[in-house]
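Sharing a structure below in structure tokens format, with a few things to ask.
The letters A, B, C and D name the chains in turn, as written, and every chain counts its residues from 1.
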Amino acid sequence: MTYFQCDYVEGCHPAILQKLCESNLEQTPGYGADHYCESARQKIRAACGREDLDVHFLVGGTQANTTVLAALLRPHQGALCAESGHIACHETGAIEATGHKVLPLPSRDGTITAAQVDDYCRAHFTSDVSEHMVQPGACYISHPTENGTLYTKTQLEELAAVCRRWGLPLYLDGARLGYGLASPESELDLPDLARLCDVFYIGGTKCGALFGEAVVISDPALKKDFRYFIKQRGGLLAKGRLLGIQFDVLFEGGLYRSICKRAVEQAMAIRKAFLAAGVPLYFDSPTNQQFFVLTPAQGEALGQDFAFESWGELDDGRTAVRFCTSWATRDEDVQALVGAIAAL
Amino acid sequence: MTYFQCDYVEGCHPAILQKLCESNLEQTPGYGADHYCESARQKIRAACGREDLDVHFLVGGTQANTTVLAALLRPHQGALCAESGHIACHETGAIEATGHKVLPLPSRDGTITAAQVDDYCRAHFTSDVSEHMVQPGACYISHPTENGTLYTKTQLEELAAVCRRWGLPLYLDGARLGYGLASPESELDLPDLARLCDVFYIGGTKCGALFGEAVVISDPALKKDFRYFIKQRGGLLAKGRLLGIQFDVLFEGGLYRSICKRAVEQAMAIRKAFLAAGVPLYFDSPTNQQFFVLTPAQGEALGQDFAFESWGELDDGRTAVRFCTSWATRDEDVQALVGAIAAL
Amino acid sequence: MTYFQCDYVEGCHPAILQKLCESNLEQTPGYGADHYCESARQKIRAACGREDLDVHFLVGGTQANTTVLAALLRPHQGALCAESGHIACHETGAIEATGHKVLPLPSRDGTITAAQVDDYCRAHFTSDVSEHMVQPGACYISHPTENGTLYTKTQLEELAAVCRRWGLPLYLDGARLGYGLASPESELDLPDLARLCDVFYIGGTKCGALFGEAVVISDPALKKDFRYFIKQRGGLLAKGRLLGIQFDVLFEGGLYRSICKRAVEQAMAIRKAFLAAGVPLYFDSPTNQQFFVLTPAQGEALGQDFAFESWGELDDGRTAVRFCTSWATRDEDVQALVGAIAAL
Amino acid sequence: MTYFQCDYVEGCHPAILQKLCESNLEQTPGYGADHYCESARQKIRAACGREDLDVHFLVGGTQANTTVLAALLRPHQGALCAESGHIACHETGAIEATGHKVLPLPSRDGTITAAQVDDYCRAHFTSDVSEHMVQPGACYISHPTENGTLYTKTQLEELAAVCRRWGLPLYLDGARLGYGLASPESELDLPDLARLCDVFYIGGTKCGALFGEAVVISDPALKKDFRYFIKQRGGLLAKGRLLGIQFDVLFEGGLYRSICKRAVEQAMAIRKAFLAAGVPLYFDSPTNQQFFVLTPAQGEALGQDFAFESWGELDDGRTAVRFCTSWATRDEDVQALVGAIAAL
């Protein structure tokens, strides 16, 4: 059985393991005050083209989302997001557990539009009974989205402009950011995100690290006291250097981007094979997650040798499925899958 | 500069790193459903002498405390603990952030007594205005305590009996449990903890792991739905095997205990040197943390070559300090410190 | 200008005021321990036909909802409700502020069905990744709904059966319960609610009282410690007798029902007038709230002399509106409105 | 039995009841938008000598405290207060239920000092590990305190100056403010409070109203969106005029002060009698609450005819007790008590 089920079935890029081994008995201060964290922070700032960014390393995505939104929102506020957004669906109400409502907006492909945010805010702030409803207090997007799709530069610029007009910080969840940056269709690079978002995170867990996400903050109000929030949410790792080392390696010599680029190329090969076999797309994704609609027979045939994820049954009996590549996917496995698809 | 400041300045025991390297490209399911986690769970159950225990792996201590107490307490309840307890002092109000008051009890050495809990509960539950006050809903202890001290078997049995009488689950924070189990003065082993506590955790971060704590649950009510709590608090690691691998190695062949035993022996050598030099103890600890009272001159002399932690200034101008050993402490560093103490 | 905008524009039924005046200088114990509260509790138990019910008096509806749901739910659980439910829309995220997600179900008329709850629970509890999602932990309904509609006895029995099957307490928000009980179409009386719901509240604020809601609990688990919850949520009124006196008067000699019956009759007169004038219903309500679709001209004409509430603009330029009667509505005002409708 | 147990055993001042009766069938908008609330707000602003104050009416003290502190604090912050402060002791963890730790300071008489706040803040903000501890984010005081004592003008000025230096909003809980303002020893009037505090509340429940507290805000940051907080905490009364009417009456012609003044005079008569009988004070209070130390025989003798509150047993077998007067206390009851004291 070969796994294309998700992008976190292996450990980490070997260069990270090597650095962990080399540094293992070195003594460093705890809680992120070590030189590896500092070096990683500097490299991330450089990659974003700005010296004024705060960079914090957290363990996982739900932790990052909870910590950032708890810091951004006042108690009567909620976060606008796509109805398919990770915080709305798959974090066991972690945001609500900090007291805040998630305010879902309809979305077909996982993105939301400037017009949606504008309409929602206008309706709220011009209502006679605003105070009876949760006030939109931040905007959450994911890029790539949970459906593998990407924002264009125009889309993100318009969204950022609307958010600023209404006073909403814009937060971008980059759990799979590497696969977005490395996509041939990407129009957005790290300096764009630093310019357009108030805060975003660079995903490590799904992009080559053992675990870890780098939260990048440009909003001065959010910078203040952010370490308190990390500690309160259980995210201040005693051996913080573990996170610093990983991002230091990933941001050395373009490793983060190059390993993700290869995964996207593999995903494109899989996509091409499915399209050639007449299998329709479920979402049109230019990143490492690929979504297709399979008949029961097709699903059964491919399920013999390959693990993939069901994304829900359609009304006509077919099934939407997801195939993921990652930094660790082997070319021979992709070739085997491509062969199996051609044989459908 | 040699660090005796705390017990998390190095990485992890080399056997763990080796297993991480060996398993790195193996594909496993996520979120703790892999065979490493299962193997580690079995070993921990065996070490506790019981098959009916639930074992979950979390990333860190604050996360473990928050997750367990959020699962144990109803909204009107709080957790009794020593005023020096970690949840009362050094977790940025993480427990309060889940809505629960920490109910501190006076303590000189870091332990609390059955009588204190009994008195508190009796006063609360016999009051005419109980509902105006936070109801004690759980009892939190640390073992070893933050001051390095240990509960005797009698003390823990009495405490457990009182907790059961009042319906309070007993939760033991074992951030440094290995150093407690390995202490020559320890009267309590894992089967005792499984029998007397409703839930406890076996600390990894400070006892040989890169990071990670193993939460062991015997209370059936708490077992139910515990994974929801882990996920909601951001603790359900995508690559859960990282935690499984570490505890699987630590609980293979008694490694956890043996590496902690050596650290305690080193701590005893340091203690002996200080006592021989006429330096008084601040707390009387039989574990890897040692606390002394230094004059300014002594502190300055030792501070030339050794890093240690200030534990607060005394009224007479002297300072309480902490020296820690760990699984990674080198004998030559201990010898150097012992020599410096003798030269005071 | 005559107000038909809502059902809380006047004070309270004169009999309540009279009792408040008579008892004003009497000395009684605080926090609901007085004889007026006890008498009101007994009368409510009698009206429900059961001696084993706990009855608590709270100040308002949002407070009642928050207090009950905080007591019912564990931290990883949320409350199923109609998307138009008051807790989902108009309580400023009060439920989320206690840490719980509201889980909205689609609804045209404000009710939800047993099948909807069954489907939602089956999908959740049979999922492979249940713990990544909020667990349904209670079911919230309003009766009459926010749209004035009522559950039939069959509907409520089926809903209650499904809730029990999945272990979900059923909570009924009776902010306007009096107008439901007094409706000619009502199939449900207080004993039915006590039998089918685990907890419900009898609305006072909108049904003749100055303020106050009577929470009626049949679920033994919820009874325990409920006063702690009231106090923690700021609902334990020092002069608790104010609430007791009001419900004691309302439940004396059927006053609660008789004053609401008259309001429903007035609402039916208004409804009849609109239908006679060819104005369509927006919701088909048999209670004191009546919803119609007005053209701009109709809205303007009626708006000259009567205040009513806009319920949203339709795509075709018409407006949905609400007219409310209450225990205090005067027959001459209804006649004037009926005349104005006839003149449209 | 005559009650001196607390100051909320009767209803309200008759002038309030009269106004409630007169206005009962008047139709007004809900949620505090009526002319009675507006009139009351104007009178309170006038009494404070400032036009720029926001005034909101809430139902009770715990609700006011929770709402104000939830609005003032960010998630990593807590409120400094005396260890005897109401929020620390008798609100069932209502503050913690909003996620915030209460940070108690030692206090003998119920007040805290500028030096205490200064020391606490200096220790926190100069610590190397600040982010591991709850940040002081507001300062809560009560005036009169729970022990009946008052801040002098100098004390409050110094406290306010320290709070401003450390960026802490100062919040004064005035549950019994009327009895403080009316005390012969009072040095602080409403304009002082508006000048020195960022927010305070004028207690109604214990000072002549049926229920209700008037929150007065001078801090511009806190003014913003405060109604959302009231609604979210269940405090936005549908018939908000009930609160407006009560404060409108209390602030007409100095009624609030005059009825409290009489109660303080009665309290002084009781105090004088106890001192004449050689009974020692437990706290030295110049307001309506009086605290004494009784022998068992004295307690039994007075308990025949008078209800008073036990304030805890002393080590020597004597008991601390509280006698309260209120706006409703009758002179003949005071005379009877004075006679009984003289006969001890």
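The rule is simple: a residue touches a chain if its C-beta (ideal position, glycine included) is under 8 Å from a C-beta of that chain, and two chains touch if they have at least 3 such contacts.
Only a predicted model underlies this, so the values are computations on that prediction, with no experimental measurement involved.
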item	value
Of all other chains, the one whose Cα centre sits farthest from subunit B	C
A-C or C-D - the one linked by more C-beta pairs in contact	C-D
CA centroid of subunit A to CA centroid of subunit D, Å	50
Where subunit A and subunit C are represented by their mean Cα positions, the distance between them in whole Å	42
Centre distance in Å when subunit C and subunit D are each reduced to the mean of their C-alpha atoms	34
Where subunit A touches two or more other chains at once, by residue number	75-76, 91-93, 97-99, 131-132, 228, 231-232, 236
Subunit D residues touching subunit A - in the complex, by the definition given at the top	70-71, 74-76, 98-99, 130-132, 135, 225, 227-232, 236
List of subunit A residues in touch with subunit C within their complex	75-76, 78, 89-93, 96-102, 129, 131-134
Of subunit A, residues touching subunit B in the complex	2-3, 6, 8-12, 14, 17, 20-21, 23-30, 59-63, 66-67, 91-94, 97-98, 205-206, 210-211, 228, 231-239, 242, 328
